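Comments concern the structure below.
A, B, C and D label the chains in the order they appear, each numbered from 1.
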């Protein structure tokens, strides 16, 4: 059950829009079926009403802040903050954006919500099949939190769904339901913070021999289609210039021919296992001390590659080597911008 | 089975001529196919394009600057812009490029017989124009008056400067050149090409205008021409877009349903007005 | 469209394993393979790799006929190059169990690659050497809307064989000469189809149509409306939600856009054709820095316009959408094609 | 070449300008023998090297990558080597996690006066690599040579 009251949330959003304190509010709207939602942009008080807050609210909205940096949602001269609904896992993304100095704290108006967990469509699909849930219920039903689990509310009653079989894996080991930073919190603050353990698959993989590990990852790399969805949905991939398509800075109206001709070409467009590996390893590495395990990459991947196993490893290492956890506090310095005389160095001859 | 349209033919650079200097300098490469059969089967119209390859760097779609009346060697005027064009600039005599083509529709030079031809260009836009006016000058008696109005930023940015002077001296065409800012030894017009068009006020009767150059030039020139009562169907221009395949398959050079590589690059202003503003 | 089958046979479930094994002797076999929670069409080496119970594969037929990586040519020595053309071998390829919508999509790909003037040899070689065995959808999936775009769960377009799961086995219907040839090579596995099975087949086919979960507006109406909606605000509405990942196009069975790049190491390398997407900002970026489609809105517009406006304009009215629903299902932000189409209808009426 | 096994590993060595490059230079001028398998790329500081450089080297066919800089405390830019150490501490783990043998990437601190240490590092590194055989896991277009040598008739 959530302590976030939908009416209270609605009033808060309406209040923010009426007072003209924010330019746009980013929330969720019901998506293509009961299990899905998509980002919703509210710009005036009379648009309020389409927003939802339910177990279907899986997408992490922090990405929309990053999108706004490159493709402004509103007129560029509108300097008012963006309003955004954040859960206990998403706010870490905002903290990282602030730490990386992409945004300032005052540029976002955070409406915190209490989220007991959201659904994973891939799991839902399996459940739909196994439980023979009717097409009508899938299309027209609505998800609700029910006790510790989730249910589909339909005109003919509620169909309850097992928590383990439907929730995102990150929700199954949730680190806290409400955000650490917020301007308004709708619901009751979740004060217990449970530090996340790296998934046991990570430890299992670590124990394998190099060739066994490579066999596992080569299979993953070879299935990647290089759509870059994992990058484009990621809360830490906010670089203007990406290693795999380094053109945004090099190709501008005033850049000189030599710059354009000599721009680095780290990896080709060919989607072979090694090129894909380069991309995925590089991306994972860039998450060192920045990945917040929102597991959006896993969710966005159209081939459903276990990308979180890369990112959880990087997060685990940051914790073990440097006792560093991304998204803990805006006061922290970015991991790689600092150094310490006592850093581990046993691997160096 | 038909020929593989993606397979370039090897050609040798036989001459390199530096046209202009600076960061975006222009060089004209003259290339000859290595295979005699390919050379004789490669027939093209003025305004058509070819894909030049430098192996390991990639391909680039370049207008054929020469006219089919100039013999079997092909000429390409290349402005140094990015990866492939920079490498093309490093090529010296005897080195190889890959060429495939010709692509695109080209100018309907046959339909223009008996007309006054007015070529208006600027910068590297003179590359396709040169192909067309060279063709017209070679078949001089097929056409009525020919004039060339060309603008560049400075006098050293004028592509084919000597050639244009020679044409003016031979009397084959009237040549009007302009530069954007005054220079001490420049006795021609100073101002943008569109201003020069306004000043010269060419007559629309029995005339065809062919204009090519930077987008701003094309836009301003067309505006002037409209004021001078030219018909949109009598103004030809060439469009460009990023191209990869050159044969209408890779799907990126479209403007609405029209593919620039296959249906273009030559369009009349009338045709362009039918297209969505996806330029 | 449902073509009349040249012949109908029955493959009992007990002989399914043998059937798969025999197919492998006949050529390269591509079939749905279970990969974690999902399935994908892959080249298989053993009959046991084939997933019998699969919904919709993540990738589709395009990955086999126009693969993501197609080496066009190889070269040695970049300065004094020698080139070798790399056409795909004309081995016999068999696709076992692709969904009928994916096969229908080949018509759009054919429009593009198989034009009379400049046929594409890479595509055509693979296309012609592939025998496609479809599997009818007795129960459509949550995002299917093939019925709204001229298809149906048992469409036979571009299929050589269509199989339908019935009680105790599969009905095997040969539709083309290629299919008939395949049938002849496997003839010992089949039994004659019983009247009861024939009825069951009709019943399954009829019922599945009623089970399609979603419906989209009439494509001709969308097509007509789109002609007036180039500058509509609806594109920004959807563009704002888009993250520009390109899944909707890379995994669309009717999309074909590609990039050609050179990969070179130490003086030798290859020229490769790889999938590309109109949703990437780089797709249309000129070297000058000018981008004709600089915003997400313009790119979302290009995708929808291409499928519902430009393709039909160029190819006698054929809508480049088969209603498989992948673009919506796989979109991380749930950008729903059907809702975009609904918006188009609404905006069109308002004008 | 080290006389271990038949395979002669290709090693890319990123050496910092101020210490390790000078150290390598000293090894050369002092005529200390070390395996000739390394291709040296001089960088201004070990912190200049990004993990991407290492991956790119593997992509282009390197069997091993060596990164060497000044000893802690001796960095010409004060904290460059500290920065490199922090960066690569987690990258090394990630490389091993995806199945690259730990012997394929090595970091070392070699000062300008340690010609002998440089030779030792290279010898030890190359010896370990020779035992591993060629790196094939990340080479781009694994089948490139195969494709190029095959003359498929068209």
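A few remarks follow.
The rule we apply is simple: a residue touches a chain if its C-beta (ideal position, glycine included) is under 8 Å from a C-beta of that chain, and two chains touch if they have at least 3 such contacts.
The shown structure was predicted, so the numbers you read here are calculated from the model rather than taken from an experiment.
Between A-B and B-C, more C-beta contact pairs are found at B-C. Rounded to a whole number, the gap between the C-alpha centres of chain B and chain D is 50 angstrom.
As a whole-number value, the distance joining the C-alpha centres of chain B and chain C reads 40 Å. If you average the CA atoms of chain A and of chain C, the two centres end up 30 Å from each other.
Those residues of chain C in touch with two or more other chains are numbered 85, 87, 259, 261, 263, 269, 276, 285, 287-288, 290.
Counting partner chains per residue, chain B shows two or more touched chains at residues 4, 81-82, 85. Residue positions of chain A with contacts to 2 or more other chains are 251, 260, 268, 270, 272. Taken as a graph of touching chains, this assembly fits none of the simple shapes: it is neither a line, a ring, a star nor a complete graph.
Taken together, the chains touch in the following pairs: A-B, A-C, A-D, B-C, C-D.
Chain A contributes residues 251, 256-258, 260-261, 263 to its touches with chain B in the complex. Chain B contributes residues 23-24, 80-83, 85-87 to its touches with chain A in the complex. By the touch criterion given at the top, residues 31-33, 36-39, 41, 59, 63-64, 67, 71, 73, 121-123, 125-126, 128-129, 135, 138-139, 223, 225-229, 231-233, 245, 247-248, 251-255, 260, 268-272, 296, 299-300, 302-304, 306 of chain A touch chain C in their complex.
Residue ranges of chain A in contact with chain D, taken from their complex: 205-206, 210-218, 243, 266-268, 270, 272-275, 277-278, 281-282, 284-285, 288, 310, 313-314, 317-318, 321-322, 335-336, 338-341, 343-345, 347-349. For chain D in complex with chain C, the residues that touch the partner chain are 60-61, 140-141, 144, 147-148, 151-152, 154.
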